[in-house]
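The structure under discussion is supplied below as C-alpha coordinates; questions concerning it will follow.
Just so it is clear, A, B, C and D label the chains in written order, and each chain counts residues from 1 on its own.
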Amino acid sequence: MLRVLFFARLREQLGCEALDLKWAPEVNCVAALRAVLAQRGEPWQQALADDNLVAAVNQVVADAATPISSGDEVAFFPPVTGG
Amino acid sequence: MLRVLFFARLREQLGCEALDLKWAPEVNCVAALRAVLAQRGEPWQQALADDNLVAAVNQVVADAATPISSGDEVAFFPPVTGG
Amino acid sequence: MSAGACRVQIGVQEAPLAPEALCKSLPVAGAVVTFIGNVRDFNAAAEVAALQLEYYPGMTQRSLQAIAEEAAARWSLCAAQVVHRVGRIAAGEAIVWVGVCAAHRGDAFAACEFIMDALKTRAPFWKKEYGPAGSTWVESRASDISRAARWRLP
Amino acid sequence: MSAGACRVQIGVQEAPLAPEALCKSLPVAGAVVTFIGNVRDFNAAAEVAALQLEYYPGMTQRSLQAIAEEAAARWSLCAAQVVHRVGRIAAGEAIVWVGVCAAHRGDAFAACEFIMDALKTRAPFWKKEYGPAGSTWVESRASDISRAARWRLP
(Lines give C-alpha, C1' and ligand atoms only; values in the text may rest on other atoms or scores of the structure.)
Protein backbone atom coordinates (compact mmCIF):
# COMPACT_ATOMS: atom_id res chain seq x y z
CA MET A 1 0.00 0.00 0.00
CA LEU A 2 0.92 3.63 -0.54
CA ARG A 3 -0.63 6.49 1.38
CA VAL A 4 -0.86 9.57 -0.88
CA LEU A 5 -1.73 13.00 0.53
CA PHE A 6 -2.67 16.29 -1.17
CA PHE A 7 -2.67 19.74 0.40
CA ALA A 8 -4.02 23.26 -0.06
CA ARG A 9 -4.96 24.36 -3.58
CA LEU A 10 -4.09 20.93 -5.02
CA ARG A 11 -6.34 19.21 -2.45
CA GLU A 12 -9.20 21.48 -3.53
CA GLN A 13 -8.53 20.99 -7.25
CA LEU A 14 -8.59 17.22 -6.84
CA GLY A 15 -11.40 17.20 -4.30
CA CYS A 16 -9.22 14.65 -2.51
CA GLU A 17 -7.02 14.92 0.55
CA ALA A 18 -5.79 11.34 0.89
CA LEU A 19 -5.73 8.19 -1.20
CA ASP A 20 -4.64 4.64 -0.41
CA LEU A 21 -3.12 3.04 -3.51
CA LYS A 22 -2.02 -0.51 -4.05
CA TRP A 23 1.73 -0.37 -4.56
CA ALA A 24 3.06 -1.97 -7.77
CA PRO A 25 6.72 -2.54 -8.72
CA GLU A 26 6.46 -0.04 -11.58
CA VAL A 27 5.49 2.75 -9.13
CA ASN A 28 9.12 2.88 -8.01
CA CYS A 29 9.74 6.64 -7.84
CA VAL A 30 7.92 9.96 -7.42
CA ALA A 31 7.73 10.58 -11.17
CA ALA A 32 6.17 7.15 -11.75
CA LEU A 33 3.53 7.71 -9.05
CA ARG A 34 2.74 11.13 -10.48
CA ALA A 35 2.25 9.62 -13.94
CA VAL A 36 -0.05 6.93 -12.53
CA LEU A 37 -2.14 9.53 -10.75
CA ALA A 38 -2.37 11.73 -13.88
CA GLN A 39 -3.91 8.77 -15.71
CA ARG A 40 -7.01 9.13 -13.54
CA GLY A 41 -8.22 11.75 -16.05
CA GLU A 42 -9.43 15.26 -15.14
CA PRO A 43 -9.01 17.06 -12.84
CA TRP A 44 -5.97 14.87 -12.00
CA GLN A 45 -4.12 15.22 -15.25
CA GLN A 46 -4.19 19.01 -15.32
CA ALA A 47 -3.65 19.57 -11.60
CA LEU A 48 -0.63 17.24 -11.48
CA ALA A 49 0.91 18.87 -14.57
CA ASP A 50 1.77 21.97 -12.49
CA ASP A 51 5.58 22.25 -12.54
CA ASN A 52 5.61 24.09 -9.21
CA LEU A 53 4.18 21.18 -7.23
CA VAL A 54 6.39 19.86 -4.45
CA ALA A 55 6.56 16.18 -3.48
CA ALA A 56 7.54 14.66 -0.14
CA VAL A 57 8.26 11.00 0.60
CA ASN A 58 7.83 10.00 4.23
CA GLN A 59 7.61 13.68 5.17
CA VAL A 60 10.92 14.66 3.55
CA VAL A 61 10.98 16.82 0.41
CA ALA A 62 11.68 14.62 -2.60
CA ASP A 63 12.42 15.00 -6.29
CA ALA A 64 11.16 13.15 -9.35
CA ALA A 65 13.74 10.35 -8.94
CA THR A 66 13.20 9.73 -5.22
CA PRO A 67 12.42 6.00 -4.76
CA ILE A 68 9.06 4.85 -3.44
CA SER A 69 8.43 1.52 -1.69
CA SER A 70 5.36 -0.16 -0.33
CA GLY A 71 4.26 1.41 2.96
CA ASP A 72 5.55 4.88 2.09
CA GLU A 73 3.64 8.09 2.67
CA VAL A 74 3.86 10.37 -0.36
CA ALA A 75 2.52 13.93 -0.45
CA PHE A 76 2.03 16.46 -3.23
CA PHE A 77 1.48 20.16 -2.51
CA PRO A 78 1.92 23.69 -3.90
CA PRO A 79 4.86 25.91 -2.85
CA VAL A 80 4.58 26.76 0.85
CA THR A 81 3.32 30.14 2.07
CA GLY A 82 3.51 30.06 5.87
CA GLY A 83 4.76 32.58 8.41
CA MET B 1 31.05 80.92 31.28
CA LEU B 2 31.60 77.37 30.06
CA ARG B 3 30.07 74.30 31.66
CA VAL B 4 32.50 71.36 31.37
CA LEU B 5 31.40 67.81 32.20
CA PHE B 6 33.36 64.58 32.68
CA PHE B 7 31.98 61.05 32.65
CA ALA B 8 32.82 57.48 33.68
CA ARG B 9 36.49 56.54 34.05
CA LEU B 10 37.61 60.09 33.22
CA ARG B 11 35.32 61.52 35.90
CA GLU B 12 36.90 59.17 38.44
CA GLN B 13 40.46 59.89 37.29
CA LEU B 14 39.89 63.64 37.65
CA GLY B 15 37.79 63.35 40.80
CA CYS B 16 35.55 65.89 39.07
CA GLU B 17 32.24 65.59 37.31
CA ALA B 18 31.55 69.22 36.39
CA LEU B 19 33.44 72.47 36.24
CA ASP B 20 32.32 76.04 35.51
CA LEU B 21 35.09 77.89 33.68
CA LYS B 22 35.25 81.52 32.75
CA TRP B 23 35.26 81.63 28.97
CA ALA B 24 38.16 83.47 27.32
CA PRO B 25 38.56 84.32 23.61
CA GLU B 26 41.56 81.99 23.27
CA VAL B 27 39.42 79.01 24.38
CA ASN B 28 37.76 79.04 20.96
CA CYS B 29 37.70 75.33 20.13
CA VAL B 30 37.69 71.88 21.75
CA ALA B 31 41.48 71.47 21.36
CA ALA B 32 42.11 74.82 23.06
CA LEU B 33 39.84 73.95 25.99
CA ARG B 34 41.54 70.59 26.36
CA ALA B 35 44.96 72.27 26.45
CA VAL B 36 43.79 74.73 29.10
CA LEU B 37 42.42 71.89 31.25
CA ALA B 38 45.65 69.87 30.88
CA GLN B 39 47.57 72.85 32.35
CA ARG B 40 45.88 72.18 35.70
CA GLY B 41 48.67 69.64 36.36
CA GLU B 42 48.11 66.04 37.46
CA PRO B 43 45.86 64.12 37.23
CA TRP B 44 44.49 66.43 34.51
CA GLN B 45 47.46 66.40 32.19
CA GLN B 46 47.72 62.63 31.98
CA ALA B 47 43.99 61.87 31.94
CA LEU B 48 43.31 64.35 29.13
CA ALA B 49 46.23 63.02 27.07
CA ASP B 50 44.21 59.86 26.30
CA ASP B 51 43.72 59.79 22.52
CA ASN B 52 40.53 57.78 22.83
CA LEU B 53 38.60 60.47 24.71
CA VAL B 54 35.48 61.76 23.01
CA ALA B 55 34.33 65.38 23.24
CA ALA B 56 30.81 66.76 22.84
CA VAL B 57 29.77 70.41 22.49
CA ASN B 58 26.20 71.16 23.50
CA GLN B 59 25.49 67.43 23.58
CA VAL B 60 26.66 66.74 20.03
CA VAL B 61 29.87 64.78 19.38
CA ALA B 62 32.64 67.20 18.42
CA ASP B 63 36.18 67.07 17.14
CA ALA B 64 39.30 69.02 18.06
CA ALA B 65 38.38 71.94 15.78
CA THR B 66 34.75 72.29 16.86
CA PRO B 67 34.24 75.94 17.94
CA ILE B 68 33.35 76.81 21.52
CA SER B 69 31.56 79.99 22.62
CA SER B 70 30.57 81.38 25.97
CA GLY B 71 27.56 79.58 27.40
CA ASP B 72 28.39 76.24 25.76
CA GLU B 73 28.26 72.89 27.52
CA VAL B 74 31.34 70.81 26.72
CA ALA B 75 31.80 67.20 27.80
CA PHE B 76 34.75 64.80 27.71
CA PHE B 77 34.30 61.06 28.10
CA PRO B 78 35.78 57.64 27.23
CA PRO B 79 34.42 55.54 24.33
CA VAL B 80 30.85 54.48 25.07
CA THR B 81 29.99 50.96 26.28
CA GLY B 82 26.21 50.83 26.63
CA GLY B 83 23.63 48.26 25.60
CA MET C 1 28.50 26.45 22.11
CA SER C 2 27.55 23.24 20.33
CA ALA C 3 24.07 22.61 18.97
CA GLY C 4 23.58 20.20 21.85
CA ALA C 5 23.77 23.01 24.38
CA CYS C 6 21.00 24.91 22.62
CA ARG C 7 17.42 24.45 23.77
CA VAL C 8 15.36 23.80 20.63
CA GLN C 9 11.58 23.91 20.99
CA ILE C 10 8.95 24.01 18.28
CA GLY C 11 5.18 24.01 18.32
CA VAL C 12 2.18 24.04 16.00
CA GLN C 13 -1.13 25.05 17.55
CA GLU C 14 -4.66 26.20 16.78
CA ALA C 15 -4.87 28.31 19.94
CA PRO C 16 -3.89 31.99 19.71
CA LEU C 17 -0.21 32.69 20.36
CA ALA C 18 0.69 34.34 23.67
CA PRO C 19 3.92 36.26 22.88
CA GLU C 20 4.34 37.51 26.47
CA ALA C 21 4.24 33.99 27.90
CA LEU C 22 6.50 32.74 25.10
CA CYS C 23 9.05 35.49 25.83
CA LYS C 24 9.04 34.49 29.49
CA SER C 25 9.73 30.88 28.52
CA LEU C 26 13.10 31.85 27.01
CA PRO C 27 16.24 31.42 29.13
CA VAL C 28 18.08 34.56 30.23
CA ALA C 29 20.97 35.26 27.85
CA GLY C 30 23.06 38.25 26.84
CA ALA C 31 21.01 38.74 23.68
CA VAL C 32 17.38 37.81 23.05
CA VAL C 33 15.80 38.44 19.63
CA THR C 34 12.14 37.69 18.99
CA PHE C 35 10.05 37.88 15.85
CA ILE C 36 6.27 38.05 15.66
CA GLY C 37 4.45 37.78 12.35
CA ASN C 38 0.89 39.14 12.39
CA VAL C 39 -1.87 38.76 9.80
CA ARG C 40 -1.86 41.97 7.79
CA ASP C 41 -5.25 43.35 6.84
CA PHE C 42 -4.23 43.82 3.24
CA ASN C 43 -2.23 41.69 0.80
CA ALA C 44 -1.41 42.91 -2.68
CA ALA C 45 -4.71 44.63 -3.53
CA ALA C 46 -7.29 42.73 -1.48
CA GLU C 47 -8.52 43.46 2.00
CA VAL C 48 -7.97 40.46 4.27
CA ALA C 49 -10.35 39.72 7.15
CA ALA C 50 -8.85 36.37 8.15
CA LEU C 51 -6.52 33.60 7.07
CA GLN C 52 -6.95 29.86 7.06
CA LEU C 53 -3.59 28.16 7.64
CA GLU C 54 -3.32 24.57 6.42
CA TYR C 55 -0.38 22.37 7.44
CA TYR C 56 0.92 18.82 7.07
CA PRO C 57 0.67 17.18 10.50
CA GLY C 58 3.96 15.47 11.20
CA MET C 59 6.01 16.92 8.36
CA THR C 60 5.37 20.50 9.47
CA GLN C 61 6.71 19.81 12.96
CA ARG C 62 9.72 17.91 11.54
CA SER C 63 10.45 20.78 9.23
CA LEU C 64 10.33 23.40 12.01
CA GLN C 65 12.52 21.19 14.19
CA ALA C 66 15.06 20.77 11.37
CA ILE C 67 15.16 24.53 10.71
CA ALA C 68 15.67 25.37 14.40
CA GLU C 69 18.38 22.70 14.71
CA GLU C 70 20.12 24.03 11.62
CA ALA C 71 20.15 27.49 13.21
CA ALA C 72 21.57 25.99 16.42
CA ALA C 73 24.33 24.29 14.43
CA ARG C 74 25.26 27.40 12.44
CA TRP C 75 25.29 29.96 15.25
CA SER C 76 26.21 29.90 18.94
CA LEU C 77 22.78 29.86 20.58
CA CYS C 78 21.34 29.10 24.01
CA ALA C 79 17.79 28.66 22.72
CA ALA C 80 15.82 28.59 19.47
CA GLN C 81 12.04 28.38 19.77
CA VAL C 82 9.40 28.53 17.06
CA VAL C 83 5.63 28.40 17.48
CA HIS C 84 3.35 28.56 14.43
CA ARG C 85 -0.39 28.90 14.51
CA VAL C 86 -2.71 26.94 12.17
CA GLY C 87 -6.42 27.04 11.39
CA ARG C 88 -8.42 30.27 11.20
CA ILE C 89 -6.57 33.45 12.20
CA ALA C 90 -8.16 36.90 12.18
CA ALA C 91 -6.44 40.03 10.80
CA GLY C 92 -4.16 41.52 13.44
CA GLU C 93 -3.55 38.20 15.20
CA ALA C 94 -0.13 36.54 15.37
CA ILE C 95 0.70 33.70 12.96
CA VAL C 96 4.22 32.90 14.07
CA TRP C 97 6.56 33.59 16.98
CA VAL C 98 10.32 32.97 16.94
CA GLY C 99 12.58 33.49 19.96
CA VAL C 100 16.37 33.13 19.86
CA CYS C 101 18.80 33.54 22.76
CA ALA C 102 22.57 33.85 22.44
CA ALA C 103 25.55 35.25 24.28
CA HIS C 104 26.15 37.70 21.42
CA ARG C 105 23.57 39.71 19.53
CA GLY C 106 25.03 39.01 16.07
CA ASP C 107 24.26 35.30 16.48
CA ALA C 108 20.76 35.97 17.83
CA PHE C 109 19.79 38.36 15.01
CA ALA C 110 21.18 36.14 12.24
CA ALA C 111 19.62 32.94 13.59
CA CYS C 112 16.19 34.53 14.09
CA GLU C 113 16.14 35.98 10.58
CA PHE C 114 17.43 32.70 9.12
CA ILE C 115 14.66 30.74 10.87
CA MET C 116 11.97 33.03 9.44
CA ASP C 117 13.44 32.98 5.94
CA ALA C 118 13.76 29.17 6.00
CA LEU C 119 10.27 28.72 7.46
CA LYS C 120 8.73 30.88 4.71
CA THR C 121 10.20 28.71 1.95
CA ARG C 122 10.54 25.24 3.50
CA ALA C 123 7.95 24.60 6.19
CA PRO C 124 4.69 23.08 4.88
CA PHE C 125 2.10 25.76 5.65
CA TRP C 126 -0.38 27.18 3.17
CA LYS C 127 -2.33 30.39 3.64
CA LYS C 128 -5.80 31.00 2.28
CA GLU C 129 -7.03 34.56 2.60
CA TYR C 130 -10.66 35.45 3.29
CA GLY C 131 -11.83 38.90 2.25
CA PRO C 132 -14.94 40.65 0.93
CA ALA C 133 -14.38 39.06 -2.50
CA GLY C 134 -14.19 35.49 -1.18
CA SER C 135 -11.20 33.29 -0.53
CA THR C 136 -7.91 32.85 -2.40
CA TRP C 137 -4.78 30.80 -1.84
CA VAL C 138 -1.74 32.99 -1.26
CA GLU C 139 0.92 32.61 -3.95
CA SER C 140 4.53 32.02 -2.89
CA ARG C 141 6.66 35.12 -3.28
CA ALA C 142 9.88 35.48 -5.25
CA SER C 143 11.19 37.83 -2.54
CA ASP C 144 10.86 35.07 0.06
CA ILE C 145 12.77 32.66 -2.15
CA SER C 146 15.60 35.14 -2.73
CA ARG C 147 15.75 36.02 0.98
CA ALA C 148 16.11 32.33 1.85
CA ALA C 149 18.81 31.86 -0.79
CA ARG C 150 21.03 34.39 1.02
CA TRP C 151 21.69 31.78 3.73
CA ARG C 152 22.91 29.05 1.38
CA LEU C 153 26.30 27.76 2.47
CA PRO C 154 29.02 27.65 -0.17
CA MET D 1 6.24 54.70 4.54
CA SER D 2 7.99 57.98 5.39
CA ALA D 3 9.83 58.56 8.65
CA GLY D 4 6.93 60.78 9.71
CA ALA D 5 4.54 57.83 9.72
CA CYS D 6 6.81 55.89 12.09
CA ARG D 7 6.17 56.08 15.81
CA VAL D 8 9.55 56.82 17.44
CA GLN D 9 9.75 56.50 21.22
CA ILE D 10 12.83 56.41 23.42
CA GLY D 11 13.35 56.19 27.14
CA VAL D 12 16.08 56.13 29.77
CA GLN D 13 15.08 54.84 33.19
CA GLU D 14 16.43 53.53 36.50
CA ALA D 15 13.43 51.24 37.02
CA PRO D 16 13.70 47.65 35.78
CA LEU D 17 12.57 47.11 32.20
CA ALA D 18 9.26 45.33 31.67
CA PRO D 19 9.66 43.65 28.26
CA GLU D 20 6.13 42.19 28.27
CA ALA D 21 4.54 45.62 28.79
CA LEU D 22 6.91 47.15 26.24
CA CYS D 23 5.96 44.51 23.66
CA LYS D 24 2.29 45.27 24.26
CA SER D 25 2.95 48.98 23.66
CA LEU D 26 4.00 48.27 20.05
CA PRO D 27 1.43 48.75 17.28
CA VAL D 28 0.23 45.63 15.44
CA ALA D 29 2.20 45.25 12.20
CA GLY D 30 3.05 42.44 9.79
CA ALA D 31 6.50 42.03 11.34
CA VAL D 32 7.60 42.81 14.89
CA VAL D 33 11.25 42.31 15.92
CA THR D 34 12.38 42.89 19.48
CA PHE D 35 15.81 42.80 21.09
CA ILE D 36 16.54 42.43 24.79
CA GLY D 37 20.08 42.80 26.13
CA ASN D 38 20.62 41.25 29.56
CA VAL D 39 23.57 41.61 31.95
CA ARG D 40 25.71 38.54 31.41
CA ASP D 41 27.20 37.03 34.53
CA PHE D 42 30.63 36.82 32.97
CA ASN D 43 32.63 39.21 30.81
CA ALA D 44 36.04 38.27 29.46
CA ALA D 45 37.43 36.40 32.48
CA ALA D 46 35.67 38.02 35.43
CA GLU D 47 32.44 37.01 37.09
CA VAL D 48 29.98 39.89 37.07
CA ALA D 49 27.45 40.32 39.88
CA ALA D 50 26.08 43.68 38.76
CA LEU D 51 26.67 46.65 36.48
CA GLN D 52 26.55 50.35 37.15
CA LEU D 53 25.41 52.20 34.03
CA GLU D 54 26.38 55.85 33.82
CA TYR D 55 24.83 58.16 31.21
CA TYR D 56 24.84 61.80 30.10
CA PRO D 57 21.40 63.21 30.95
CA GLY D 58 20.13 65.07 27.90
CA MET D 59 22.72 63.92 25.39
CA THR D 60 21.89 60.24 25.93
CA GLN D 61 18.21 60.81 25.14
CA ARG D 62 19.08 62.95 22.10
CA SER D 63 21.40 60.26 20.86
CA LEU D 64 18.80 57.49 21.19
CA GLN D 65 16.20 59.67 19.49
CA ALA D 66 18.59 60.40 16.61
CA ILE D 67 19.44 56.70 16.17
CA ALA D 68 15.75 55.67 16.15
CA GLU D 69 14.90 58.47 13.69
CA GLU D 70 17.78 57.43 11.44
CA ALA D 71 16.37 53.88 11.42
CA ALA D 72 12.91 55.25 10.58
CA ALA D 73 14.39 57.23 7.68
CA ARG D 74 16.38 54.29 6.29
CA TRP D 75 13.74 51.56 6.49
CA SER D 76 9.94 51.45 6.08
CA LEU D 77 8.84 51.18 9.70
CA CYS D 78 5.62 51.65 11.66
CA ALA D 79 7.38 51.98 15.01
CA ALA D 80 10.88 52.14 16.50
CA GLN D 81 11.12 52.12 20.29
CA VAL D 82 14.21 52.01 22.50
CA VAL D 83 14.33 51.89 26.30
CA HIS D 84 17.68 51.80 28.11
CA ARG D 85 18.18 51.25 31.79
CA VAL D 86 20.72 53.21 33.87
CA GLY D 87 22.06 52.93 37.41
CA ARG D 88 22.68 49.63 39.16
CA ILE D 89 21.58 46.50 37.28
CA ALA D 90 22.02 42.95 38.61
CA ALA D 91 23.29 40.03 36.52
CA GLY D 92 20.43 38.52 34.53
CA GLU D 93 18.44 41.76 34.40
CA ALA D 94 17.69 43.59 31.16
CA ILE D 95 19.78 46.62 30.18
CA VAL D 96 18.14 47.55 26.91
CA TRP D 97 14.97 46.80 24.98
CA VAL D 98 14.42 47.63 21.29
CA GLY D 99 11.14 47.06 19.46
CA VAL D 100 10.67 47.62 15.73
CA CYS D 101 7.46 47.16 13.71
CA ALA D 102 7.24 47.09 9.93
CA ALA D 103 5.05 45.76 7.17
CA HIS D 104 7.92 43.52 5.99
CA ARG D 105 10.28 41.48 8.14
CA GLY D 106 13.45 42.49 6.26
CA ASP D 107 12.95 46.11 7.32
CA ALA D 108 12.17 45.16 10.92
CA PHE D 109 15.23 42.90 11.31
CA ALA D 110 17.63 45.38 9.69
CA ALA D 111 16.36 48.39 11.63
CA CYS D 112 16.45 46.58 14.99
CA GLU D 113 20.01 45.36 14.45
CA PHE D 114 21.09 48.80 13.17
CA ILE D 115 19.67 50.49 16.28
CA MET D 116 21.59 48.14 18.59
CA ASP D 117 24.85 48.50 16.65
CA ALA D 118 24.54 52.30 16.58
CA LEU D 119 23.58 52.46 20.26
CA LYS D 120 26.64 50.41 21.24
CA THR D 121 29.04 52.81 19.55
CA ARG D 122 27.27 56.19 19.66
CA ALA D 123 24.97 56.51 22.65
CA PRO D 124 26.66 57.90 25.79
CA PHE D 125 26.41 55.04 28.28
CA TRP D 126 29.30 53.62 30.28
CA LYS D 127 29.28 50.27 32.05
CA LYS D 128 31.14 49.54 35.26
CA GLU D 129 31.19 45.90 36.29
CA TYR D 130 31.09 44.77 39.91
CA GLY D 131 32.46 41.32 40.69
CA PRO D 132 34.30 39.48 43.47
CA ALA D 133 37.53 41.31 42.53
CA GLY D 134 36.02 44.79 42.75
CA SER D 135 34.83 47.12 40.03
CA THR D 136 36.18 47.86 36.55
CA TRP D 137 35.07 50.05 33.68
CA VAL D 138 34.16 48.02 30.61
CA GLU D 139 36.42 48.71 27.62
CA SER D 140 34.82 49.46 24.26
CA ARG D 141 35.06 46.53 21.87
CA ALA D 142 36.54 46.47 18.40
CA SER D 143 33.80 44.05 17.33
CA ASP D 144 31.12 46.63 18.21
CA ILE D 145 32.92 49.27 16.17
CA SER D 146 33.20 47.01 13.12
CA ARG D 147 29.56 45.90 13.45
CA ALA D 148 28.45 49.54 13.47
CA ALA D 149 30.63 50.34 10.45
CA ARG D 150 28.66 47.83 8.35
CA TRP D 151 25.74 50.28 8.26
CA ARG D 152 27.73 53.22 6.88
CA LEU D 153 26.09 54.62 3.77
CA PRO D 154 28.28 55.09 0.70
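The definition used in the following text is that a residue touches a chain if its C-beta (ideal position, glycine included) is under 8 Å from a C-beta of that chain, and two chains touch if they have at least 3 such contacts.
Source: prediction; values computed, not measured.
Enquirer: Going by the touch criterion stated earlier, list every chain that contacts chain A and also contacts chain D.
Expert: C
Enquirer: From chain D, which chain is the farthest off, judged by mean CA positions?
Expert: Chain centre farthest from chain D's centre: A.
Enquirer: Taking each chain's centre as its mean C-alpha position, how far apart are chain B and chain D in Å?
Expert: Chain centres of chain B and chain D, defined by C-alpha means, are spaced 26 Å apart.
Enquirer: Between chain A and chain B, what distance separates the C-alpha centroids? Give it in angstrom.
Expert: Distance between chain centres, rounded to whole Å: 73 Å.
Enquirer: Can you check how far apart chain C and chain D are, centre to centre, with Cα atoms defining each centre and the answer in Å?
Expert: Here chain C and chain D have centroids separated by 24 Å.
Enquirer: As a quick test, compute the distance in whole Å between the mean CA positions of chain B and chain C.
Expert: 49
Enquirer: Considering chain D alone, which of its residues make contact with at least two other chains?
Expert: 37, 116
Enquirer: Hey, what residues on chain B touch two or more of the other chains?
Expert: Counting only residues that touch two or more other chains, chain B contributes none.
Enquirer: What's the complete list of touching chain pairs for this entry?
Expert: In this structure, the chains touch in these pairs: A-C, B-D, C-D.
Enquirer: Contact residues on chain A for chain C in the complex?
Expert: Within the complex, chain A contacts chain C at residues 5, 7-9, 11, 52, 56, 59-61, 75, 77-83.
Enquirer: Tell me, which parts of chain D touch chain B in their complex?
Expert: Touching chain B from chain D are residues 37, 53-56, 58-59, 62, 84, 95-96, 116, 119-128, 137-141.
Enquirer: Flag every residue of chain C that touches chain D in the complex, lowest number first.
Expert: 19-20, 23-24, 28-38, 40, 92, 103, 105-106, 108-109, 112-113, 116, 147
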